[in-house]
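Below is one structure, written out as structure tokens, with a few remarks after it.
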């Protein structure tokens, strides 16, 4: 099983008036991790979309343990938790680099669809993308 | 049990290159609903913060059924699902106004904390805020 | 000359750790105003895009006078400042509803392009959209 | 004169339904550049705020030349254009790394204020922060 580790730094715009990173930003961070995860397997996420494979979300969730703050350097750990013919589930951990504290963990569940948002059986529709994602769970 | 209904319209900035509202925006929408829910009970959310009561998230989640699109007019239905001495759970439904289709549903779970992020027992710390939130589950 | 007035309420997610609405949000607010301005002329902004007319930005700017805060109800005043065969310039005023204080003013300058981002002479490419926008400066 | 160069990668959430990075994101990108610029001078931006020096925006602007797209790796070049006792103006260039194309350029003009948003003469209020920013124009 492959695990991607991507670093980001909390941006000022991501803070709110509580002085912490607003919770909604964790999902774009997960997306950065997911994007880099797929990149590391050898295919740009945008390339996948150009091949007509889209991964809209069916569900997502996040548990927040310690707030991330402005300028915190954080590591997003991403891996595939579940991989099925018509959907895929990614799992994420958000870790503060300075002390390796787990700040949050979450998941996103995606359907495989084509450009018209019709569900596809990925292996049939595009075996190349299927094989690349398969290599992520080996 | 009170249910707040608040209308919003999907903004251009909220769309992504799939041509749908990006999933991360549903959490700010929930927040708008939550804010209006508390307002309807008779207290501005900002007033609650001025009284030293903050509601950072412990957990959140969302299930996406039908994508929201640019200029869609949507209704956010908000109500309290669970209310305990140290935490509160809100539930949300995102409904497309044109056909009353349920687009998504989600929840947010919040701790009660003070300005230093120390957990508080809301009833003890501020019975006024406690009573106002209580009126939401009657 | 038509002037659209659209109300919005500052969202929690739009605040930053200075306790004010982050400056980058004024551009999505301008966009809401622009969208409603076009709607008021009788055409949905999304309809314009379906007709193959897109308005990417060439330039934008904003002058901030008084910070907007969470839950502030604000009025976005939008009008066309300049309208030429290949571009259009909108002007915006952000006004706090409680005291009609001018919080900020800005502009956006847009090119007319087709779906491939090639510049178009709007009147030639789509006289219907041209006429509708023309009605905004009468 | 110091020039900071910071790399970022366009995020999916930053795209809109035109398939390009939404214009409002350039201001958070400028902010990342500004933050790294100050860091490079030897002081974290958050440290500056802890010392009671805040830099809210008075004005900002951006000219867009070529759209940035999802997964584009871009360089933000940041430098001080103007530095006065009560305000500072930063200039930014957004450059696509693959071909060093200038995608956009912009500026932000900031006032120096204290935690109560009262304007300050930076040199008098905090000579340490003043000196550090001064070193950026040497």
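All chains are identified by letter, namely A, B, C and D, in their written order; residue positions are counted from 1 within each chain.
We take it that a contact is a pair of C-beta atoms (placed from the backbone, for glycine too) under 8 Å apart; a residue touches a chain by one contact, two chains touch by 3 or more.
Predicted model, so just to flag it, every value in this text is computed and none were measured.
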Most distant chain from chain A by Cα centroid: C
Comparison of B-D and A-D by number of C-beta pairs in contact, larger one: A-D
Computed distance of Cα centres, chain D from chain C, in Å: 24
Geometric centre distance via CA averages, chain D-chain B, whole Å: 33
Between chain A and chain D, centroid-to-centroid distance (C-alpha), Å: 28
Touching two or more other chains - residue numbers and ranges from chain B: 12-13, 17, 20, 24, 27-28, 31, 70
Residues of chain B defined as touching chain D within the complex: 12-13, 15-17, 19-20, 22, 24, 70
Complex contacts: residues of chain B adjacent to chain C: 9, 11-13, 27-28, 31-32, 35, 44-46, 69-71
In the complex with chain C, residue positions of chain D that touch it: 17-18, 20, 23-25, 27-28, 31, 49, 54, 56-64, 67, 108, 117
